[in-house]
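Look for chain A in each of the two complexes below; its partner is chain B in the first and chain C in the second.
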Partner chain A sequence: MGAILSISTTTVGEAIRRRVLLVILMIGVLLISIVPALSVLSARSDLTTTISSMLFVLRIVSVLIAIVLTVYMIPNEIERRTIYTILSKPVQRWQFLVGKYLGAVLALGLMIGLMAGVMLILFYFFKHPPMERMLDLLRQAILYFIEVSLLAAVAIFFSTFVTPLVNFFLSAGVWGVGSLLNPLYDSFANNQGSAPIIRGMAKFVTSILPNFSNYDVKNPIINPGVTIQNETTYYLGTAGYGLLYITILIIAGILIFDRREV
Partner chain B sequence: MASEPPQGGVLPLGAAIETRQLTKTYKSRALGKINVVDHLDLQVEEGEIFGFLGPNGAGKTTTIKMLLGIIYPSAGEGYVLGREIGDMDVHRVISYLPERPYYYEHMTGMEILKFYGALFGINDKDKFQRLLEKVNLAGDATKTISQYSKGMQQRIGLAQSLLNDPKLLFLDEPTGGLDPIAHTEIRDLILQFRDEGRTVFISSHELSEVERICDRVAIINKGKIERQGRLEDLLRGGRIEVIADGLNQGFADTVRAPESTVSFHNGRLIVDMSEEGDVNGLLDGIRDAKGQIISVVPRRRRLEDLFIETISEKKSGGEAA
Partner chain C sequence: MRRKNTKTTLLGVLALAFVGQFAVSQGYLLGFWRKNYSPGGIVANNLDPSQLALSLFGFREFLAGMLWVRADSFFDQGNYDAVLPIIRLCTILDPKQIDVYATGMWHIGYNFTDEEQRSDRRYIPSALALGKEGARQNPNTYEMFFETGWMWYHKVDDDYGQAVKWFEEAAKREDILPARRNLLWSAYQKAGRPDESLNYLYDLYDRAKGRLKDDQQFGNRQQYDTIENNLDTMLVRMVQRGWVAQHSEEGKKNNWYANGAYDTKPPFDVGFSAKVTVLSDRVLRVEGTWNVLPVGTRIRIVLRDADYPQAKMAELDWDSSDSVNLDPPRNLTFMQDQLFVRNRHFNRKIDMSKDPTMYPFIAKNYLVEFYYNPRSAPPHIQDKFGFNGEGFTDKNFLRTDVRETIQFKPAKFDDHKFPIEFEQIPLKDIPQRVMYTTLSLTQEQIRRKGEWSDKTPVVKTVNYVESTDSKDKDDVIYIPNLRVSGTGDAKAPAEAPKK
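Here is the complex of A and B:
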């Protein structure tokens, strides 16, 4: 456990010093900061536009940070040969991989925490929303954190056998398709009018890929008419779903990484 | 559970490393299967400094990586400190300094030791301080790695490699790219390791350094061991050059022998002969022929000579084949 903890804390230290990540983070914070000012230009409800825009920025920036952070994580260690020094110590490959993943998740937590903190503070001071809305936003930020933790697991899994560039597009693609799984399922897999082969393929894709759209509950937040039935069950179920996928992906990554030449 | 020593043969007493027919094969689309390490039989005894030499691409680093369990052999067997390679128990008592190591640049020297120490479950600040003193970095403990010179980075690398009091150290090009002062410092540290009873396995191109500090060497080329043995045995057979003046062609003809090179011009005779040849007889003959001895220079065989000779033999053998 000491080795995993040590690797993960070092990974956090490295991640929060990566200039490209800091630039993306700063852009995210800047965009979130100017949203309350820009929302007055919108014809829609001021509050709705502000929430919607802030959450959109938070989600997209978090996803971008997660992909950029994780696709280079393992290849960099191999290229710089730090992995050799680490694996020559009593450290198993699985411990290395898990340590790197946990480090990435911690770093993502810090970065999302910063953006979410700025978002909540600005939202509170500019819009004076009811406390319930603030809690809704906080819950959404936590769901985004679980979403990017799952995305980081996808990228770490791919990084055990593809190059960073391919990984970037693969991970972004999985997230993109995974974010559209619900409409994809409704349009093709669940549509009796679709051709059987299309229905079959859609069913296969929707069963294999993680469903990232589960983590976006913006609609109930911006439209008070839309509600989540049994919120506690939904949030716990979604978190459990993410954890299950993360476990499967990390185990699969370990199995591949264990046999890989480094 | 730790694996047992090899069956069908007892691991030689005092062997820190032994490989039997250790092979690493890579597949290439252009070249097909390539044996980067080819049926390697290597033996390193405990408490010695062993030099592992070879030209670029000879298979040195691949061998080290296999011995460390970082990559997997395609065939053959390897044992480190009596256990099969890759055994985690062995990793507790060995250490590795890679070629041109990279350390997380945001960390200080002390933090580097804390990080690598944590991988062994070691969190002993006094020990970290002692190690920093040992490698002359006590005054730079709070500087970040990005502020360290190459030599300092190499020394912090050596400090991290001593965290677990290793019985066996693998050093890959430990003096590569360092200035002469840093060379001397690293060399002194390596000699100190031997005095402390540690086994040191050095892969290097710096033949003069290896010659100064190693007890035994192996020369690897194209994945195969070409020479292996004690340095004094491998370098035996030095030459002696005798130069004399005032002699005639007839005398020069009498000293020609198959193991000597003789040149004669304008009364000056130059003989290059084996140190095991009859040097005194030659000198007496020159005096008897009223010649004047200008110089008698023994030329010790150097590791560089042996290395070039070994690699050239292989090249000419390969070309002939």
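Here is the complex of A and C:
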């Protein structure tokens, strides 16, 4: 456990020092900061515009940071040969992988926390919303954090056997398709005219790939007024789902990494 | 050996986790997400591939918001045509944005006008279809039900049973504002159902009283006073217009209406007559008589293709469409306007020449329809004419078959409690007495072509008599002396123009 902890804390330190991540983070914070000014363009629905734009920036920037942060983690260690120093100590490969992953998740937590904090402060300062809406935004930010933690697991899994460039596109692709799953399934389910084979395929893909759209609960936040029953159970369900999928990806990653020659 | 065991254990955990995620995702999360977090609607059929790809990535609300910002700038520039596709796109991307539905509906229904500010009523079925779609997508809030009802109540200003239908649905929703809940009583009254109006007013009164008891704030006091005042007025009207005498059990048994002196007795003959002169290409002058001196009469005039597909008498089948079509039928003509009566006659020039796309006049034959429904009359005129025209008649053009009084009752709901079917109950004992007549014109007459290029086409009702009054008297409105009777059969002062 000590080995995992020290690897993860080192990883957080490395992540914070990486300029490319800091630049992306700064751009994210900057974009979130200008959103309140943008909303005045839509006099009739400025709250809607503000919330949807802020959440859009938060999600996109978080996803970008998660992919850029994780795709280089394992390959960089191998390329710089620092992995030999680590593995020559009493550290198992699985501990190295888990430590790296947890470090990435912690770094992501810090970065998303910063962006979410700026978002909430600006939202409160400019729009003076009721506390429930602030909490709604916070809940969505937490779900985005779980979403990118899952994405980081996807990227870590791929990084055990593909190059960073390929991993970048693979992870982005998996996130893209995973974000499509619920809306696509929903759209086909609503459209009785769609072919049964396409609907069947949509269901099959939904069962196989990690479903990132489960974490996208912003619609009732943007358009309030709908009472949702048992929302906490849903949040726990999505967290559990994320944990299960992360377990799958990390175990698969361990199994592959264990056989890999470094 | 140990290594092999560990690998087997890991594979076992992996398989279990996979089954677990499948169960959680398919068994619970997907259904819950679809029910509560999906923006809804069918995007697959309505967007082009690039829009579809972007929207499905979970940024539908953001895209809709950005498009709505763009729509705002088009509104400011007065570029109304450009706003229409954006409205449609926004509602497809995020059907939960009620503001887009409400504004879009108002925009489509009200903002497309000709040079003389006459609405292009060919858009109204689409506006109502958008309202219906908005209500279906947002069945838990009163807003789109109310907005759709308002379109019937105010813009269509006829078929008030439809307004009642939508306002009733709005009033069932918990979040309706008190002031908006009130409008239903007026809709009941205009729909010719004063008994229900009165019952509803009592219900509103109890609610207002309860609110005032809980909180003595000014708004609650004002609501209470308004409803109390409306209730008083309604009771007086129901008695004086002879409704109680005609419809209560006791009244019927004792023949109150026949024996009593009520404002609606005897029915007043409005003496409608009209003449339409085609002054030049697409320019008409409409003049005629209406023997009611108090100001406030507006007679509906419709000029339309004789074989307009969704035409009914003096209106279109406004409720004909469930799909939003932002492109009205460009080859059909439907003009609707009001003739304002002053000093017992009306005289109006209707110029359609500046708007050839709104009035294409492609068909060969046209109908000019004149229609007056006492249900749409202002209260001081309705005091004489009654709720359903009981005190109204026209020697030549009284009709009771033009409009039916229909009550709508929800017959079937979908999963979200949206009423998808309504039972239509015709209320045969509440007939509508209206004035309705038509004149015919041909395309050549309206366009002043062929044999009509140098002849002035004139069509008139059989009873039309040329007036010798000078037109400059139109600028003076003669107000009847209320001491004579205060109703439409008031004797005009000596200086008023006589027909």
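Just so we're on the same page, the second predicted complex is superposed on the first by the 239 of 262 C-alpha atoms of A that agree within 3 Å, B and C clash if a C-alpha of one lies under 4 Å from a C-alpha of the other, contacts with A are read in each partner's own complex, and residues count from 1 in each chain.
Just so it is clear, contacts are C-beta pairs under 8 Å (C-beta built on N, C-alpha and C of every residue); 3 or more make two chains touch, one makes a residue touch a chain.
Just so it is clear, the structure is predicted and the values come from calculations on it, not from any experiment.
Participant: Tell me which partner A:2 touches in the superposition: chain B (first), chain C (second), both or neither.
Facilitator: The first partner, chain B, only.
Participant: Which partner, chain B or chain C, is in contact with more residues of chain A?
Facilitator: Greater contact footprint in residues on chain A: C.
Participant: Should A:13 be classified as contacting the first partner (chain B), the second (chain C), both, or neither?
Facilitator: A:13 contacts chain B only, not chain C.
Participant: Please work out whether A:149 is in contact with chain B alone, chain C alone, both, or neither, and reply first, second, both or neither.
Facilitator: A:149 contacts neither chain B nor chain C.
Participant: Tell me the contact category for A:38 with respect to chain B and chain C: first, second, both or neither.
Facilitator: second
Participant: One more residue to check, A:171. First (chain B), second (chain C), both or neither?
Facilitator: neither
Participant: One more residue to check, A:159. First (chain B), second (chain C), both or neither?
Facilitator: neither
Participant: Applying the document's contact rule, which stretches of chain C touch chain A when the two form their complex?
Facilitator: 7, 10-11, 13-14, 17-18, 20-22, 24-26, 28-30, 32-34, 36-45, 55-62, 64-66, 68-69, 72-73, 94, 96-100, 103, 138, 140-141, 175
Participant: For chain B, which residues count as touching chain A in their complex?
Facilitator: 65, 68-72, 88-89, 91-92, 94-104, 106-107, 115-116, 118-121, 160, 164, 170
Participant: Residue numbers of chain A touching chain B in their complex, please.
Facilitator: Listed in rising order, the residues of chain A that touch chain B are 2-3, 5-7, 10, 13-14, 17, 80-92, 259, 261-262.
Participant: For chain A, which residues count as touching chain C in their complex?
Facilitator: 38, 41-45, 48-49, 52-53, 55-56, 59, 176, 179-180, 182-191, 193-194, 206-207, 211-214, 216-220, 222-223, 225-228, 231, 234, 237-238, 240-241, 244-245, 247-248, 251-252, 254-255
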